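Heads up, the next two complexes both have chain A, just with different partners, chain B and then chain C.
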Partner chain A sequence: MTALLQIDDLSVSFRVGGAELHAVIDVSLAVRAGERVGVIGESGSGKSVMARSILRLDDPRRTRYGAGSAISLDGQQVLTLPDAGLRRLRGQTASMIFQNPMHSLNPAFTIGNQLDAVLRAHRPDSRAERHRRILAMLTDVDLPGPEDLVNRYPHELSGGQRQRVMVAQAVLCEPALVIADEPTSALDVTAQDSVLEVLGRLNRDRGIAVLMITHDMGVVARFCEKVNVMYGGRLVESGSVDRIFAAPEHPYTVGLLDATPNPAAPLKDLVAVQGTQATRRGTVSSACAFIDRCPLATEVCGTAPPLRRLPDGHHVACHHAGPDSPGRA
Partner chain B sequence: MAGADRLGAPAGAGRLKALLPRRPGSILLCLLGLLALAAAVAPSWLTPYHPTQIDARSLLQPPSWKHWLGTDELGSDVLARILYGTRLEVAIAMGSVALAALVAVPAGLLAGYRGGRADYALTIVADAILSFPIVLFAVMVVASLGASLGTLIGVLGIVFVPRIFRLVRGQTQVLTEQGFVRSARSMGAGTGDILLRHILPNILGPIMVIVPQLMAVAILIEAGLSFIGLGVQPPQISWGSLMLVSKNYYVSAIWYPLSVGAVTTIASAALVFAGDMAGNAINPDRRTS
Partner chain C sequence: MTRLYGAVRVLLILWVVVTVVFVTLRLTPGDPAELLLGPTAGRQDNAERLAEIRAAYGLDKSIPVQYGIFLGNLATGDLGVSNRSQRPVIEMIGTAAPVTIWLIVLSVTAAVPASILLGTLAAERRGSGRDATIRTVATVFIAIPSFWLGLLLLNWFASGLRWFPSRGFEPLLADPLAFAAHMTLPVLTLAIFLIGSFTRFVYTETADTLERDYITVGRAMGLSRRSILFRFSAKNSLTPLIIVVGVEIGTLIGGAVIVEEVFGLPGLGRLLLAGVMSRDYPVVQGTVLIITLAVILINILSEWLYRLITPQARA
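Showing the complex of A and B:
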């Protein structure tokens, strides 16, 4: 079975003040229909740029995709698709939920009006049919009183309610994939909970695949089946959530887990990953991106490690990882 | 949902009612606006006199119950002349701002949203117009095309274009970075949809603030141009042309130039206040009461 979303060797760079900023470097990942896949990494790791590239949302005049880059979404080549085809893809094949729900709705129109505009753009349904569909969708995302809600303006809703409206908008045209770019980061824990709950249910009941971009290991643990760890624009580890939490391979993943509170071992001290990410402006160092912060760094780390497949199917990009690692003498 | 009825948006007649002015200042401004429109549409409803009616027996009469603002050098009623001149002022104020908006709003939306070369070129043109002295520009145009209502509207329209353009461009740039615009794009909205649905409705507020202020400027510039003889020509009446004539009688009939000046001042002040009030109504943080 071919994957719903297949990203191959994606490199994205931006022109910033005369220099090239390498946001994403050679990232490959796949999402199959109905899967819940996580992408985790700190600010500046390139995870959001990677997510936006799936719908080619960045300004084409400033954004450059690397020569070998390819993104296949439901069989269509996103990076070479003409604009009209791209607009059909957006919202219909895949849609996106953004971080800040306070700014994600147009303050000038009612909720119903905005949802209806999305349906009008993509479907030939009658007015009554669209209305029925909007009410059903609002109910599905746990928003009470949809008949009343459609006449409300965004400022009359709470952040959690708005984010659920965004979820409703994202799945309104029944896309095969929802890309959620830190959908819960701006919400308090109760609202986070309800948004994850709603996304999980839409995934189970309708088979909508979810690509969850986050910096929160807790969200990954709760929501995802597979996870991709990004660092310095590269994919450094990829595999099942169970495998990563049980036996993380990359020193960065180990650091991330040591820095995450664990309810099962509340007395364990949290350890921060020391240092900061190296800049990716101009030419990118040929060394491993994590070398400056890595406790295991040795001479071999002067050349960047490729993403290797371990015997159990897990993937990691580190000379020192795995049972027969070249760096582990 | 608790409190739903209390919070519910007003519907139908209720919504219209919410638009009615409530505070004394805004009521006064609305009345002035209605008066100006009435004078522009049908000045004969407001005064029994004809503005060009000559009466040799009552030249330069001071204000009286018969002639509220006195009479001019030909015995015509000054109030009637001012009221009949209102039509021209309204035409100039609305015409020039409408003309400017017609050009500047689409240009500003395009420049602000697309950026790049189009933005660069349009901004240079706008800055060039802004840096040109208004009066010098008006003299050049009037000298080559002749003085008329159309010329005045054209000149002021061109002068106002960069002022509206810069506002729209700046607001559009800010909104383009907003979450709901990105979100709309991610849902498949095209450029037209984004500009007309997501950006324009959200910059109508700031536009409503600058429009009355530019109208005030239009009235003052018309007065200035007519005063130096570059405005509309007799027998057309404008407040500026009344000022030009009335200044000759400031010793013998001081109420005559004062009346004309006062009306012009009240009109432009009212428009400036209207802009401020629109601003306060739109931006709750700046509400004073």
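Showing the complex of A and C:
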């Protein structure tokens, strides 16, 4: 079975002040229909750029996709698709939810107006049909009083309400995939819960696949089946959520888990990952990206480790990981 | 309460303006009676005639008394009678105003869509050749002096090519074609300045709006380029243009004075200028009063419109 979303060797760079900034380097991942897949990493790990590339949202004048990069979405080659085809793909095959619901809605239009614009862009439905569909969708994301809500402006809504409007907008045209770029980061804990719950329900009831971009291991644990860990623009580990939480392989993943608060454990067990990410301007070092922060770093780490498949199907990019790791010899 | 305060403020502005005009007119050298009599005014045997004229127009009274009479008449809505034509000033303004109103309305109507298109296209590709070209043209349009551009257009299209008449005005209802022919060059002259000014405003606002997150969201949801630029973004970046148009009305009337003079259009600008030249006090005072009132009302109207369209301002 071919995947709904298949990213192969994706490299993305931007021209910034004369230098090339390598945001994403050789990332491959797949999302199958109906799956809930997470991408986790800290700020600057390249996870958001990777996510935006799926809909080719970055300014084409300053964005370069590496040779050999390919993104296949529902059988279409996103990176080479003409603009008209791309526009049909957006919102209809895959749509996106963004981090800050306070800025994601247009202040000059009512909620109903904005949702309607999306429907009109993709469907020939009559006005009454569209209206019915919008009301139904708002109800499905647990927003009460949709008849009143459609006439409201964004500034009249709370952050949690706005984010649920964004979810309703994202699934309005029944896409096969929703890319959620840190959808809960700007929300308080209760609003986070409700957004995750709504997304989970849409996934279960309608089979919409979700690619969850986050920096929060808690979100991954609660929401995802599979997870991809990104660091320094690269994929460093990927596999099932159960496997990663039970036995993380990459030292960065281990660090991330140690840095996740656990109410059951004493506070002193909460440890930050020391150091910062190396910049990726100009030429990228051939060493492992994590070398400066890694407690296990040895001489072999001078060459970047490829993503290896372990016997149980888990993937990791570290010389020191796995039962028969070259670094462990 | 606020409405009462607003009305008092408007009256206060009008009072200050007419007073300043009243005083400056009388401080300006040149005697209306002498100007009316012409070159023979200085002759000995005309002294009696001069005194008669002064008495007829109340110019023999002291300035404070004249001011009192003027304000008293204003309070009853009487703008007085022209020293020159003997016609009531309000009637002269009534004849001239449509010309100026047409000139301004047509210029703004032509300039607004053109500016929206140019400003938006430049903002869409910031830093590109298209952006640089449009913004250079806009700056040139602002920099060109209207009287010079007017003369240039007259020279090319009226005197040279003879496509348009060089002077005068024809009412729309009397002869629509002649109306259009007379208005084309004046409207073009005024519109070019406006396009320069509005385009730069639209550019700044649109460039700012296009950076917003909700624009990315719109693109991610598959909205077309056209609907993002001219609908989704436009409602945010163009509503402030209503205020700008209101503010520019004052400048525009100043521009109209020049354009009307160049193209011989019998509008308020020419009426005002002729009044100043002949020291026709009632005409100048009345015209300035009406223009001031118009500017104030248009600004109130544009602010009201802005508030009506902007949801946040309404709340």
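In this section, the second predicted complex is superposed on the first by the 325 of 329 C-alpha atoms of A that agree within 3 Å, B and C clash if a C-alpha of one lies under 4 Å from a C-alpha of the other, contacts with A are read in each partner's own complex, and residues count from 1 in each chain.
As a working rule, a contact is a pair of C-beta atoms (placed from the backbone, for glycine too) under 8 Å apart; a residue touches a chain by one contact, two chains touch by 3 or more.
Being a predicted model, the structure only gives us computed values, none of them experimental.
Undergrad: Once chain A from each complex is brought into register, does chain C clash with chain B or fit beside it?
TA: clash
Undergrad: By the touch definition at the top of the document, which applies to A:A247: first (chain B), second (chain C), both, or neither?
TA: So A:A247 meets neither chain B nor chain C here.
Undergrad: Which partner does A:L105 reach: the first (chain B), the second (chain C), both, or neither?
TA: Both: A:L105 reaches chain B and chain C.
Undergrad: Give one of first, second, both or neither to describe whether A:A259 is in contact with chain B, with chain C, with both, or with none.
TA: It touches nothing on chain B or chain C.
Undergrad: Is A:P144 contacted by the first partner chain B, the second partner chain C, both or neither?
TA: First partner only.
Undergrad: Go through the superposed model and pick first if A:Q92 touches only chain B, second if only chain C, both, or neither.
TA: Once the two structures are laid over each other on A, A:Q92 reaches both partners.
Undergrad: I'd like to know which partner A:H155 touches here: chain B for first, chain C for second, both or neither.
TA: A:H155: touches chain C, not chain B.
Undergrad: Can A:A117 be said to touch chain B (first), chain C (second), both, or neither?
TA: both
Undergrad: Mind checking 40-48, 94-102 or 166-174? I need the stretch of chain C that runs into chain B in the superposition.
TA: 94-102
Undergrad: After overlaying the two complexes on chain A, where does the chain B footprint on chain A coincide with the chain C footprint?
TA: Of chain A, residues 55, 57, 61, 87-92, 95-96, 98, 100, 103-110, 117-118, 121-122, 153, 156, 166, 169-170 contact chain B in one complex and chain C in the other.
Undergrad: Considering only the defined contacts, which chain A positions touch chain B in the complex?
TA: Those in contact with chain B are residues 55, 57, 59, 61, 87-92, 95-96, 98-110, 117-118, 121-122, 144-145, 148, 151-153, 156, 166, 169-170.
Undergrad: So in the complex, the part of chain A that touches chain C is made up of which residues?
TA: 55, 57, 61, 83, 87-92, 95-96, 98, 100, 103-110, 117-118, 121-122, 153, 155-156, 166, 169-170, 173
Undergrad: Hey, which residues of chain B end up touching chain A in the complex?
TA: 1, 4, 7-9, 115-116, 178-180, 182-190, 193, 197-198, 201-202
Undergrad: Given the complex with chain A, which residues does chain C contribute to the contact?
TA: So the residues of chain C in touch with chain A come to 125, 128, 212-214, 216-225, 227, 231-232, 235-236, 239, 310-312, 315.
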